[in-house]
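To start, I am sharing the structure in question, which I have written as structure tokens.
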Amino acid sequence: MAARLNPILAFFAIAAALPLFFGASGLFYDAFQSIFVFALVGLGLNIITGFTGMLNLGMAAFMAIGAYAFAILTCDIYPFQVGFWWGLLLAGAVGAVAGFLLGAPTLGLSGDYLAIVTMGFGEITLDVLKNLEAITKGTQGINPLPRPTIGGWTIELQDERSWYYLLLVLLGVAVLFVRRLERSRTGRAWLSIREDALASQCMGIPPKRTRMIAFATGSAVAAFGGALFAALLSSTGEPNSYDFQVSILALCIIIVGGMGSVAGTLVGAAVMVGMNAIVLVKIADWFGAGDSGSSSNVLASPNNWKYLIFGLALILVMRLKPEGLVPPRLESTATGVPPGPTVSVPPAGGRA
Amino acid sequence: MSLLEVRDITMRFGGLTAVDGVSFDVREGEIFAVIGPNGAGKTTLFNAITGVYEPTRGSVRFRGSQVRQNPDARLVRRTLVVGVTGAISTFLALNSQEIWTAAIGANYLLGKPFPWQQALADAWATARAVPAVWGVIPAIVGGVIGAATVLALWQRLRRTPDLIARAGLARTFQNIRLFTDLSLIENVLVGMDSRLHCGYWTNLLRLPGFLGESKRSTAEAMDLLAFVGLADRAQSAAGSLPYGHRRRLEIARALASRPTVLLLDEPAAGMNPSEVTSLMQLIQRVRDRGITVILIEHHMKLVMGISDRIVVLQYGKKIGEGTPQEIQADRRCIEAYLGAEDEL
Amino acid sequence: MNTLPTIVAAWLSLVIAAASSAQNGTIKIVSSLPRTGSANAQTGTIVNGIKMAIAEVGGKIDGYEIAYEDWDDASPQRGNWDPTVEAQNANKAVTDSSIVGYIGTFNSGAAKISMPELNRAGLVMISPANTYSGLTKPGLGEANEPAIYRPSGKISYFRVVPTDDLQGAVAAEFVAASGAKRVFVLHDRELYGKGIAEVFERRAKELGLQVSGMEGIDTKAANYKSLAQKVKFSKSDAAFFGGTTQTNAGQVAKDLRSAGFLGTLVVPDGCCEEAFIQAAGANNLEGNTFVTFGGLPPAELTGRGAQFRDGYRKMFDADPEAYAVYGYECARVLLDAIRRAASKDRAGVLQAVAQTKDFDGALGRWSFDANGDTTNRVMSINAVKDGKFVFVKRVGDAAAGGAAKGPETPSDAAAR
Amino acid sequence: MKKRLDSMELDFFLQQLITGLSNGMIIALIAIGYTMVYGIIELINFAHGDLFMLGSFLALTVLGVLGIDAWTGGGTWLGVLLLLLSSAAFCAGLNWSIERIAYRPLRASGKLSLLVSAIGASFILVNLGLFWGGLPLDVFAGGVAAAAPKDFPPLVPNTNLLGEDSLVQLTPKDLLVLGVTLPTMLALTWIVTRTRLGKAMRATAQNPVAARLMGIDTDRVIGATFLIGGALGGFASVIYALYNNTISFQMGYRAGMDAFTAAVLGGIGSMPGAVAGALVIGLVRAMSDGYLETRWTNTIVFGILVLILIFRPSGLLGSRAKEKV
């Protein structure tokens, strides 16, 4: 077990040390703040898809629900104004309830049917957020959102180092909780459903209830991430900030990182979000420097290459590391058990 | 009284009748075998007993009662609750904007304390003023859909493998279904799940009781692995086990729930003679723990060697039942079986 | 097991590269516009306008090198502006002390995110395209707007475009004057389109028009044939679409026409670009489709504006799009302020921008008012003829909501 | 007066019916591409919608280069045929190549890495569409505004076949949609049920290992599936372009999503199911646009999807595959 904890500890140790080296760079903080937020969303999706094996294409919806719940509960244009910490907590709770409501009737569906339902839920959430203008302010977004206060000390938005560590700590708490669940009876039940739903059911594990708990937990974590996303911007942005592309990004994070691996999710978030926040920006800067001529040629602008680079990167990572960058269950190879002789299972002859 | 009464089980898949009116009784503490040529419907019968399939006709009684959720007060209550929730939420979904505007939009002024009572009163007044088209009718539709959903789901879930497993019937599978990415000990712990008590919050917050239970359960799982002779590889992934050992792990996993009845589906398939011998000993040791064993097997030496009673199936029908000696003397059974062996 | 360190090392090197410092002796201005995705067509012309303004001063003011960076606030995952990226851009701008001016944003929603950040840093922000009234005008948006965008208490955000509350009203007045009785209002459910459509609807009702329906469209739909039929069957004789080319205005116009809707169609300045004609098909717009625009179209510009038009043609070998002039104007007003500023730092430039008065711009002679809005209220109504925008008339010289004098009817306009 | 109102309401209903069916049939053509690929390798082919988008760009390019919009009379129909064939060939080839390059090497490594690869391919295709829009051709408005939607010349007239006075419109466009979709589907049904290839496809879908043991070259069969699915996408792209007269590099997203939803609604893997699902979606969209509010249409479509799946967990025409235990 110790072998598994290492990459996670390493991630946090490195992340905690990084500001010592790059403390002056705003870009550094921006990139990593998004990385932490999306790591949270990825963590939630990892519970649902990575642990329990339910393909969820609507993670952004839960992020949106978290962000809007947080905004409505804390923004001073509404009467609730529960404050930053209660807002975060309640946003997570609202996310769990939403996950539960969506899950209750649909978690009996098999794989890709569930995927399409979650995708539809993502679309519905966007539409509802846009259409219920009286409540959500439609496409305006809700702002400003409060800053966190710790014992009378308020972390202002521009105090990036404090935000960095705040997010890191919150991510750490989330990782701790997720790991605890993963390595308990609850998590074993999730994994067993992913491995073989029928066998798990025949072992007395109620599939629907187990899935529902996983779904609600994952949704809560993602909603928590969404609330932090909004808090970081001090605005919910517009509903379109949580569209299908965000769900896809979350999915790419966990698959590129390594399905079902908490460490993988963290690394996946760093790679996928970092690619956007650092690599693509840098590429645009490098190629864009000194360009003052005509830009009517579509190929001339580096920005027009971003989709291509992003897509190629995804395909390449999958070609080189199809199991993800940090595949789960390192200890099974680490303990040096040689893979058993491959016995071909005799083809099941008819209905014997 | 017999432990398990199988009565008139029939399974049809489209036009094909895989099991046709099979009945038998299994007594407590015996080793009971189901044999028959390939395609005779043995595994289908197992699936019908363990709830994987819903039998087209017939019943399975365990300790005198059917393992299934019957329509009861809880179902009625749940249907009502979901129906009413559906009705209310449909109503709110359609009218949320107006109610919100009346209660909060109109009453809240930036920076002033919020008059909660006034807001509630306004919300109630607005809700009552909603015209029937947007209020009553959608609410009825929402309620009906909610209730129908509960009933539809209940229909699908009332006789599920997990209910039957929790009642005390554990099984293994013909084509071994282990959790290959989990370690051996975790596989066994999953089997033990129904006997563990630590809930979600206990696990999340490491509340008192967590450590004790996890220690106890791990120790017990190790004992079980030792019982089937796999204790030395407890931490390796189940997927890395050689074939013969997988059967043993599957049996350990099934035993972990401390079942009353253990159903083994072709446990000796693909084993060499010495493995079969040790499997026979294992099965007998399981029975000696007081567990009733039902097994499907082609391996005649094993079946005849350890079974107390045997049922023979052919083309989905029962063609014989009795002790090994009786079956070995029954011409019909021998013909059916030898004929099938020829086909192989 | 060494995957993680490798990755971390790779990122570290990138982050080091990212933390590059600015050169001395240069003044930097940046623009933050969505450059990835569908808004690219419009933002491209804005960037051209900015580049042109800088080229006109020779890239130098008072011996200071003017450096310009074209930042993208969109991301490929989103294909549109991305709040995280906009926040990053704002932060990046704040931390780089050589940056004295921030041109942006394109989307009003994005402005909401960067405005408070930049305001706190005292960095001047000039938008070529934000039209949401709440950003500057008290009383038109939420109760806490615009104060929340000005945490420092000072005004640091300016815009060279007239706000929605002016343009929507002008469009309604035009429809009323055309003799229409029933009008169907459509919008794209975005901040800009919906805002302008709401103003249109309010003004149209005031003017005695019957609003036969108001609907928000799904901007990603393949077509609007069903909706267009609904408009046709509603017996409306005019329609207004609040939206932009990117939010599918072309398809809306096309489907309205192919459904057999023959009334007047009016769209706002988000559609005032060649791409709209391209998307809708010139035939579908011929005669009875009108585009309102805040300012005069390039062809009607005189003086400074005419110079801009000719210069743009020379530099980019293409006719300027309507939006190009806003980008140009933003950059010019900023450069002018840099020239006038006593100290070439943020505070000096901010002060100089705020003092802009009677600026001789490509859009006319105008000033920034106390809110940071342009005093320029000249608007034009344009029609489409032979696949080109043709100027119909100039409106809105009077104050907001005031009736334009002697509006022409569309049939007059068509007769031109 | 009352009577007249009724007839107008009927007209309106008929009109929405026609619009809904036409839209539904276009979705159906795309949906079959999804369902075929899914049926055979269990991959949600995210790139399919964008492949379809590129097909329409090719059609517009061919149209521009050959000047087809200037052809008259029978030439128009020849032009349409030419576009259909060229787009189909192009999409089929492209789909096949994508399978070769991005999917085949990953087939052994699990569904989800395939899925990410498909997402990556989708991003690349979107970018190619953006570049393509910048071609300096007249049909692309000289390629100045690459990202802007492009007008697709109305080769098929919009005249009302029911007479100019009729409120209900039935145009040659609607007939074109029907005239292409129906034969295509019949041909496809024939291929799948009657030919050797079709049988091999069904066998591979059922059990790839067994199919390989039986001597079926599964790689070739999968390749053929991508070819056929791509060709259908190509047909769909031309029909879509001729019906809507606008194409844009981002249109693949919604088209793909609608089609995928249709495939699932009908029971993924089932071709008649995909068609049924697509028609349901087309009709629900039209009716919701017509009688309710457009802004709620998506919500209604997905709400109905969820409801149908609760009561029929494997879609309208899907069969619940019994798991082999």
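Just so it is clear, A, B, C and D label the chains in written order, and each chain counts residues from 1 on its own.
Heads up, the rule we're going with is that a contact is a pair of C-beta atoms (placed from the backbone, for glycine too) under 8 Å apart; a residue touches a chain by one contact, two chains touch by 3 or more.
Values in this document were obtained by computation on a predicted structure and should not be read as measured data.
Novice: Using only alpha carbons, which chain's centroid is the nearest to the whole structure's centroid?
Specialist: A
Novice: Considering only mean CA positions as chain centres, point out the chain farthest from chain B.
Specialist: Result for max centroid distance from chain B is chain C.
Novice: Between chain A and chain C, what is the separation of their C-alpha centroids in Å?
Specialist: Between these chains, centre-to-centre, one finds 34 Å.
Novice: Starting from the mean Cα coordinates of chain B and chain D, work out the distance between those two points in Å.
Specialist: 41
Novice: Could you check chain A for residues that touch two or more other chains and list them?
Specialist: 76-77, 105, 108, 130-131, 198, 248, 296, 304, 306-307, 310, 348, in rising order.
Novice: For chain B, jot down the residues that touch at least 2 other chains.
Specialist: 43, 52, 110, 149, 153, 173-175
Novice: Residues of chain C that contact two or more other chains, please.
Specialist: 40, 44, 76, 79, 143-144, 189, 216, 318
Novice: Considering only the defined contacts, which chain D positions touch chain B in the complex?
Specialist: 307, 310-311, 322, 324-325
Novice: Give every residue of chain D touching chain A within the complex, in rising order.
Specialist: Against chain A, chain D makes touches at 38, 42, 44, 102, 105-106, 109-110, 112-117, 119-128, 130-131, 133-134, 143-144, 146-147, 210, 253, 257, 260-261, 264, 268, 295-296, 298-299, 301-303, 305-306, 309-310, 313-315, 323-325.
Novice: Write out the stretch or stretches of chain C touching chain A in their complex.
Specialist: Touching chain A: residues 1, 3-5, 7-8, 11-12, 14-19, 35-36, 40, 44, 47-48, 51, 54-55, 68-70, 72, 74-80, 82-85, 87-88, 91-92, 94-96, 109, 112-113, 116-117, 120-121, 132, 134, 141-144, 148, 189-191, 194, 216, 315-318 of chain C.
Novice: Please name which positions on chain A make contact with chain C in the complex.
Specialist: Against chain C, the touching part of chain A is residues 6-7, 10-11, 14, 18, 21-22, 24-31, 34, 76-77, 130-131, 137-141, 143-144, 157-158, 160, 229, 232-235, 237-238, 240-241, 243, 245-246, 248-249, 263, 267, 270-271, 274, 276-282, 284-285, 288, 291-292, 294-296, 301, 303-304, 306-307, 309-310, 325-326, 330.
Novice: Under the touch definition given earlier, write down the residues of chain C that touch chain D in their complex.
Specialist: 37-41, 44, 76, 79, 189, 215-218, 220-227, 229-230, 232-233, 245, 248, 250-251, 254, 258-260, 273-275, 278-282, 318
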